[in-house]
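What follows is a set of structures for review.
Next, two complexes with chain A in common: one pairs it with chain B, the other with chain C.
And then the complex of A and B:
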């Protein structure tokens, strides 16, 4: 798999890598100066405006999984595969009203774990933390791997070195700047990624006729333009639910809801969804042109970079390298910050040392960010499976959290037992489906079981939850 | 049953068009936030 068809020389790759590293680390240090207290470091001062709010939600959702998996989806599942990937935007759309509700109910909250603990109690909280932290690791690892694969495919930089570099850069600037650095760099990264994808897409359109692509697909791979491809149709619902589950439960999105200024969250998430919707199609369609352009794809997760390099040559390859680097960094930094918040706030502060002072918490937070980076690096070292295999394993688990969270925010009768069993039974049934039916059914089944269980328990439950208990600044740290 | 060619083309062209608009909108939003001192 090494050096399959790099489009940049390793020297150019290294120069770009070092320049980008210096830029992001410098910005991390620069914006980090704003983080004068814990709220600044963890939540960017809770006053983020619409432009940064929209860009950070969008950039974080544009991951290696969008820029690398979307072409893979297109190559394997055709047009429906790209549309299926686009449905992940609904995660952002549907989270928009929740972001408003979260800010309203928990003006001083820190993490999604805070909500589950206060709303459903400790047992459900432990299960939720296990799911959420496992998912965070899975996402982080899938992107560390993607970083290595990308740099190897584009510039022939050995997988281990490329992966190490991208993790190191993200750890450093997140460490220096906290959420200020993450959100600030996300804005620049989102613009670079959008402009880059449009440039690559336009170059593809310029170099090949879409009529020709369609006719080649019709004769060689008609399955890819089949309007009734069953696996793809199931993938739409599966991806939709996986996307919603990812956004609803993950602290990556909750921390942004807490970080945005009052009145901004709903608008920012709606706009981010709108801006994100076309990305998987714009990034994915180039894979469908591979046959017409005579590019031999030996590893499906490399189809995006290989195609872009083939079409754009040297100058274009530089753009592609930067775009991929940005799409990875914008998510890795967010995950490092949000997962560290979850570990520090929910595990260290709430379980281990409730009396810890702000300075101590910030120091622990920095150790956790480093620890997360080292852990991800160790797991990424042996290149295992394709990106889809790694990521979709977490799908049923996160899908099982959708309903406990959505109902927990709006229904007073949603009960702790219901949330607990919804997450346990939803995850188990989804994982059984994952192994026995296929990855594209797992989230669907996990979410369906979770919905039934949460609803049944809520119907039986007579007790009504008091919303004011969610605001710890009013009710005290122990609720 | 296959997707009609026109839908195939429309899907791709509209996605690229929407992304261009999104990039411009993000820049406009940033300028507005800077002007109104609402960046963060």
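And then the complex of A and C:
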């Protein structure tokens, strides 16, 4: 019953939705023709260059998390909240050297799960898979929800239908084209998103009086411009560490590191971070103008699209619809592809059917992509919370994986027990903080516990890991 | 006869007015709410009456006391919720009413939002902890990268 006044008519919304659906599915089929074998379908032939590599990393990181959560952060946590969101760029910056190292150590690797299994053994691998797949689901669900919320807020399309449509479109084109389609569409989507954000940003600056916005904030929402708002001070490093955890552990980023040509990964991730850094600030700022422009916000995750649509009017709302749709699609497709790779490679191929032939694995991949889409759809149907609460629930778990990954790539003494306990204790302590202090503390606490545990175990461990064991093409699948 | 007609007219008008007087909305939030972050969502429910075809309008008021002696209208419109943020420490009372083309309904039961931000000492402790963990993370990656570049 929380009716929110929409900007576009449902008819316009439907026309846009159908046109975008046809375009992305056509491109998925077109790029899918390149995927002639499993490496092509899962890793785009391991031959992605700098332009596509940068675009896909940036497009994937510009998700509903950026275009919808950054404004939500600004509305909830003010100026610091907006800046806190942009610190997630450090995830990409710090992953840049890791991407180079990953490609060097595992030239024929497939997933982040491969690394944990080979580096730390099966027990840590099971825990890691549980965390990574759970995180993939929360991200996927938060974006399915975002799709429904967006179409409902902008065009009055019922939440259930909008959410179904965006999941369906992304499942279809990922199914046809695998990672080729994902990276190809990411390239176009990143261009559309960047142009759209520049247009929206310019229009906002042109149409509002900054002094008036400041004065209204001082009167109506004074803590949003208070440099000492406690929750936002806490959120800064919480979000930064969450961003690092997301990128370090997730197969979305590892699969791109494997897919990029040798020498490309480090540059591509650095450039993507630089391009991404200002986007949350541009997207987040408009949320602060809601009071001055008299726009009522019924749910904080709607503030971004609503404000942009309100400021730009009918034509602008069409641009906003396209930009937000692209930002969502560019991440949903990546998640479907990377999570299905993780499930197929780490669970089906390694645990269930190690002798499976390439054709069979590809068929299983397609079933998994459909299954992921259906599962996400079922969980998205009841709108269970705001985007932030859904996504940040996984925060402590992913933050607890930072050090098993980073130290595991550089320290020979990083130990299996250390990785295991870092993930378990980091996740548990972070979840306790989530429920007792607030969602904006959970990743920070999880990461702090994880770094201490991983370091302690590494210091007392006398055994040194042999890096060559990570290259399965040299050592064979069983090490 | 004239007096009787006047009485009937007054009775009719009174009943008539009563018939189009809408029921007040009710908050979905509990009567007392607490936040440590300065933001909260207020939502209310209301069943449209016979006049709903003419559209409806809510008015939401905020006041620092339960008597609403110095209240401010913070929202007027058709939505069934509003998101509040940036609130300073303190008690805030809210009430909502509705009209459907006719007179306003009575006010809803008020709801209290008590804002008590986290202490700054907790905020700075966690800020400092976060900064330390971040710097150590940068150190692990930068030093590790330098080491493997020099000695692959």
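Note that in this section the second predicted complex is superposed on the first by the 476 of 479 C-alpha atoms of A that agree within 3 Å, B and C clash if a C-alpha of one lies under 4 Å from a C-alpha of the other, contacts with A are read in each partner's own complex, and residues count from 1 in each chain.
One rule holds in what follows: contacts are C-beta pairs under 8 Å (C-beta built on N, C-alpha and C of every residue); 3 or more make two chains touch, one makes a residue touch a chain.
Quantities reported herein were computed from a predicted structural model and do not represent experimental measurements.
Asks: With both complexes superposed on chain A, which partner does A:228 reach: first (chain B), second (chain C), both or neither?
Replies: both
Asks: Should A:98 be classified as contacting the first partner (chain B), the second (chain C), both, or neither?
Replies: Only chain C; A:98 stays clear of chain B.
Asks: Just chain B (first), just chain C (second), both, or neither: which does A:463 touch?
Replies: neither
Asks: Have a look at where A:244 lands relative to chain B and chain C in the superposition and call it first, second, both or neither.
Replies: second
Asks: Considering each complex separately, which residues of chain A are in contact with chain B in the first and with chain C in the second?
Replies: Chain A residues touching both partners: 222, 225, 228.
Asks: Given the complex with chain A, which residues does chain C contribute to the contact?
Replies: On the chain C side, the touching residues are 36-39, 41, 43, 45, 74-75, 77-83, 85-88, 117-120, 122-124, 126-127, 129-131, 133-134, 136-138, 140-145, 147-148, 152.
Asks: Write out the stretch or stretches of chain A touching chain B in their complex.
Replies: So the residues of chain A touching chain B come out as 34, 44-45, 47-52, 54-55, 58, 79, 82-83, 180, 183, 187, 190-191, 194-195, 197-198, 201-202, 205, 210-211, 214, 218, 222, 225-228, 261, 271, 274-275, 277-279, 281-282, 285.
Asks: Show me the residue ranges of chain B that touch chain A in the complex, using the header's touch definition.
Replies: My answer: residues 1-3, 5, 8-9, 11-16, 18-20, 22-23, 25-27, 29-30, 32-33, 38-40.
Asks: Residues of chain A touching chain C in their complex?
Replies: Listed in rising order, the residues are 1-5, 75-78, 90, 94, 97-98, 100-101, 104, 217, 220-225, 228-231, 233-234, 236-238, 240-241, 244, 296-300, 303, 402-403, 406-407, 409-411, 437-438, 440-441, 444, 447-448, 451.
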